[in-house]
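The following pair of complexes shares a single chain, chain A, combined with chain B in the former and chain C in the latter.
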Partner chain A sequence: MQRSRALWAGIAAGVFAVIPLLTRDTFALRVVTEAMMWIGLAVAWDVLGGYTGYLNFGHGAFFGLGAYTTAVLMMRGHWPFALALVAGGVTAGAAAVVAGLPTLRLKGAYFAIATWALSRAVQQLALVLEFTGGPDGMRLPPFLNPMFFYYLMWALVTAIFVVLWILLERSAFGLKLQAIREDEEGAMALGLRPTAIKVQAFVLSTVPAGILGGVYAYWITFIDPASVLGDLVTDQSVVMAVFGGLGTLVGPAVGAVLIYAFKTFFWAYLSEYQVLYLIILGTVIALSVVFLPDGLIGLMARRRIKEPAEPEPADEDSQGLREVAP
Partner chain B sequence: MRRGDETEPGLRPRQLFTEVPVLWQLLPQAVLDGLLIGGVYITVALGFSLAFGVMHIIDFAVGEWIMLGAFLGYYLQRWTGLDPLALLPVVFAVFTAVGYVIQPVIHRAVSGRRGNPVLMGLVFTFGLMLAIRGAGLTVFGFFSHSIPSALSARSLFLEAGGLFVTVPAIRLFGFVYAIGITAVLHWVLRRTDFGLAVRALAQNRDAAGLMGINARRIGSWVYGIHVGVSAMTGVVIGSIFSISAQMGGDYTILAFFVVVLAGMGYLAGVPWAAFLLGLVQSLFLVYGNPSYTLLAVFAILYLILLVSPKGLFAKGV
Partner chain C sequence: MSRALLTVDRVSMTFGGLRALDDVSFSVGTGEIVGLIGPNGAGKTTLFNVVSGYCRPTSGRVRLDGKDVTGKRPFDLARLGIGRTFQIVKPFAGLTVLENVTVACLLHHPRRRHARQKAWEILEFTGLADRAHRPASGLTLAGRKRLEIAKALSLTPRLLLLDEVVAGLNPTEADRTIELILDIHRSGVSILIVEHIMRVIMNISDRVVVLNYGAKIAEGPPREVAQDPTVIEAYLGEAAA
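Now for the complex of A and B:
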């Protein structure tokens, strides 16, 4: 099953790569570029949220840190974009180490609260500091080349996906994370150092967010605390991962495409009711937890195990079938 | 800055930055303000801490319950013309019922087969928070309101040894209200059969079940009380400050700060943590830069988590 999922992911990457050859419509390109960005954000969130079982309710803060670092270095320091982008990722990762060291020692509830509080603190910091432009935000030099950003985003998101797939599905690191999620004391007894591994996972989850934030800043050319540090980035990443399926890579990606498509249509046709979108997001999260604890992917996997050719995951999932069935 | 400003109590404190004697004169007022507002923070965090202690639910929606309660108070006051503070029992009753009805859904979310029930509860209340905030913005709009109370315009002036303090009557009420709620809750938990059942449930869920305690019913009541107290506090906050549909997040974060300072689930630590937070905020407002207040509080929280992760009293879980 893993192999077929990897195949589908490869096909999807191929489809995304040829879309610009089929259409020159800048609006369509823009929508697909942003859809890819959300895939990257949702998949990165899931490293900690799904694989490790620690909910980061401040994902937007790391996205925003990357965006602001890139913008500040380009505008105030006149750094080239590529270097500033790397610095954005490094800043997000460094912030994850600082925020993770005290909180990842504790149970997940502390971490969830601390990251949520952190995102508020970062918002406040961007509002009061001088060099971030405060509430007015920052403008970056316009670089109006949709194809450049399309393929940059495509390359980055593909790279993020491949790196995470190798680390989480094809190496011991992913198993360590899942061991910690299932039984932290047990993992410790086996000689793992949970805090260090969790901090590594946190960095692995936030560096992509920071880099994507940096690309977003240069692409949109205008950032302010409300757009890149607002709660919406976190809220959407969470709902995409939870709705798509926690603890998988394909699930959050599928969730990201569906939720982002829905959001685009919703904002295009019902823009007067934007706050309704929050209600829908919240309701989708809450209902997913109650009725779809394994997300859309779990739904598909459950149907798949009826075929006898898949003995490997049957044990876990058949149990789920019994309990989830109303 | 002129000399005459020193005796003018109405002046905004932070404009008097440079004069040392004035700063000393402001100290009693700042401490008093901090204690009064810290009192209200007790009730912001009390229900939240109770719900965590008993059911291990982190309620991200706590600020939204405060917001909804505040708006119910606002509309009830406009319809009936009664003083909002007289409407507190009505708000409490309505929202206790709301919490009682919602708890079974949360229970279902946290008792699934997914590895970590606390996290599923977190995701669920996070979704609840978004939905309520969206609903609040849709129905109530983006404007701020205030809930006028008869006490709003009154103040007490105290003077001793050349130092003045002003005690707004409504803030004093908020303080008395918070102490009262805390005392009632303490009495319920320590002196009634219901309280005994709640404490048993908090200690050991399975053993409590074996002793004939209906965990679901008690859980529903506890969540109901949490929602009711939070909503009632919303009305008090609305008559002290102002209310808006966006206010929820600010109070959720306050509740988080207080509960983490106190130690998660350690109810007896909540009042002291709330007073400390109120004092820090009010002193920082006078002697520091007000726009850095949240950051200062966050820095304190970070240090506490670093040094004593189980709260000031090291009694959290």
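Now for the complex of A and C:
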């Protein structure tokens, strides 16, 4: 089943790779580029949210940190884009270590609250600091090459997906994460260090967000605290992952495509009914949480349930109860 | 008695005003099976939590093979060779039986593929191989208790702490688990076992330690301890003694 999912993901990557050969329409390319970005963001969010159960409500802060780091280094430091992009990912990852070490020891809602507060703090910081341009934001040198950004996004999101897939579904790391999600105390008895492993997962989840933020900044050429540090990035990533199916990587990717397509459709063709978008989205999410707790992917395959096909073989012998000699 | 593998040295543990362990000392020798008994609330599980690193004792020391390990965390102790089971079983419910054991095998086999191979061996040894691909949540109580043992065993421990792995099983299942414990012991693992079922403790233990209200009230070979008036009183009340 996992193999077939990997196959589908590969087919999807192939389809995305040939889209620019079929259309040169700038609007279409732009929409698909952004769709791929959301796939990357939702899949990255799933690393922590789905595989460990820790809900990061500050995903946007890491996206924004990447965007601002890239922008500041390019504009103020005159770094080349590629280096600034790497620095954006590193900054996001470093921020995750700092934020995660104290908060990932906590259970329940505290981590969600802490990451939400972090995202508000980062946004305020960008508003008041001088070198970030404050509320005016930052303008980057325009590099108007849709194909470049399309294939850059494609390559990055594919790489993110492949790396995360291998680490979470094929390597020891993913198994450890799931064990910690299921029972942290029990995992400790087996030699696992929960906090260290959760911080690693947090880094693994935020570095892609930072890198995608950097690409976004250079692609859109303008960032401000509202666009890259607002609630939108977090909210959409969470909704896409939950709707698609937590802890599966493929689910959040599917959720990202569907929700982003829905949003774009609204934006393009029903803009006078804009207000309905959030209402419909909210309803869909509420219904999917209630009726599809495993997300869309849970409809197609039941991985986390794995119901036994036949009843559990009884542990006792058929000869029945024989008493032990005392 | 051979050289002490585990030494519990004057350990006390207080929770607020409650003295859960009161100046308890005993040891487990290499190759020994030591039974730990006592009425409900006597402090057996607390003692397990202290020895396996889940609680730091208020006072006293715990030594493993002569080395002071007091206050070390559970994951460090697992590495040093202490494996434990939980009275309230802790299967990773969403994972399969095989995956559960594979996680434990990762301690000494860091690659997932190697850990998986090792896990199959453990499943064969513990009689769970036929249920390898079932979710751990779907096991019977007996299966889940067996899984606890399998996971602890995957750490290739020098000392195995078994917390009521027989209680709640029917006689046949109990028999099999006792056989399994003896098999593990024969492979060279020292065992400290908490059990309510006297028949089990009396049959397999080399020595028995009795706790009551957090304090050690008796220690010795099973037959002697069973005759001890203090022990009988603790279990049955003053009139019986």
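Definition applied: the second predicted complex is superposed on the first by the 289 of 326 C-alpha atoms of A that agree within 3 Å, B and C clash if a C-alpha of one lies under 4 Å from a C-alpha of the other, contacts with A are read in each partner's own complex, and residues count from 1 in each chain.
In this text, a contact is a pair of C-beta atoms (placed from the backbone, for glycine too) under 8 Å apart; a residue touches a chain by one contact, two chains touch by 3 or more.
From a predicted model like this one, the values you see are computed outputs, not experimental measurements.
> Scan A:I285 for contacts with chain B and chain C and give back first, second, both or neither.
First partner only, chain B.
> Applying the document's definition of touching, compare chain B and chain C: which contacts more of chain A?
B
> Name the contact category of A:V215: first (chain B only), second (chain C only), both, or neither.
After superposing on A, A:V215 lies clear of both chain B and chain C.
> After lining up the shared chain so the two structures overlap, which partner does A:R170 touch, if you call chain B first and chain C second: first, second, both or neither?
Only chain C is touched by A:R170; chain B is not.
> Between chain B and chain C, whom does A:G191 touch in the aligned arrangement: first, second, both, or neither?
Touch status of A:G191: second partner only.
> Who does A:A71 touch here: chain B (first), chain C (second), both, or neither?
neither
> Counting only touches as set out at the top, which of chain B and chain C does A:V242 meet: first, second, both, neither?
The answer is first: A:V242 touches chain B but not chain C.
> Looking at the overlay, does A:P102 come into contact with chain B only (first), chain C only (second), both, or neither?
first
> If you stack the two complexes on chain A, which partner ends up touching A:E182: first (chain B), second (chain C), both, or neither?
In the superposition, A:E182 contacts both chain B and chain C.
> Where on chain A do chain B and chain C both make contact?
Residues common to the chain A contacts of chain C and of chain B are 181-182, 320, 323-324, listed in rising order.
> Going by the contact rule at the top, pick out the chain C residues touching chain A in the complex.
52, 54, 73-75, 78-79, 83-84, 86, 90-96, 99-100, 102-104, 106-107, 110-112, 115, 130-131, 133-135, 138-140, 142-143, 146, 151-152, 154-155, 170-176, 178, 199, 202-203
> Which residues, counting only chain A, touch chain C once they are in their complex?
170-172, 175-176, 178-179, 181-183, 185-193, 304-308, 312-317, 320-324, 326
> Which residues of chain B touch chain A in the complex?
52, 56, 58, 60, 105, 108-109, 112-116, 118-120, 122-124, 126-135, 137-138, 249, 252-253, 256-257, 260, 264, 291-292, 294-295, 298, 301-302, 305-306, 309, 317
> Touching residues of chain A toward chain B in the complex: what are they?
Residues of chain A touching chain B: 53-55, 57, 101-103, 105-110, 112-114, 116-118, 120-121, 124-125, 127-128, 181-182, 231, 235, 238-239, 242, 273, 275-290, 293-294, 319-320, 323-324.
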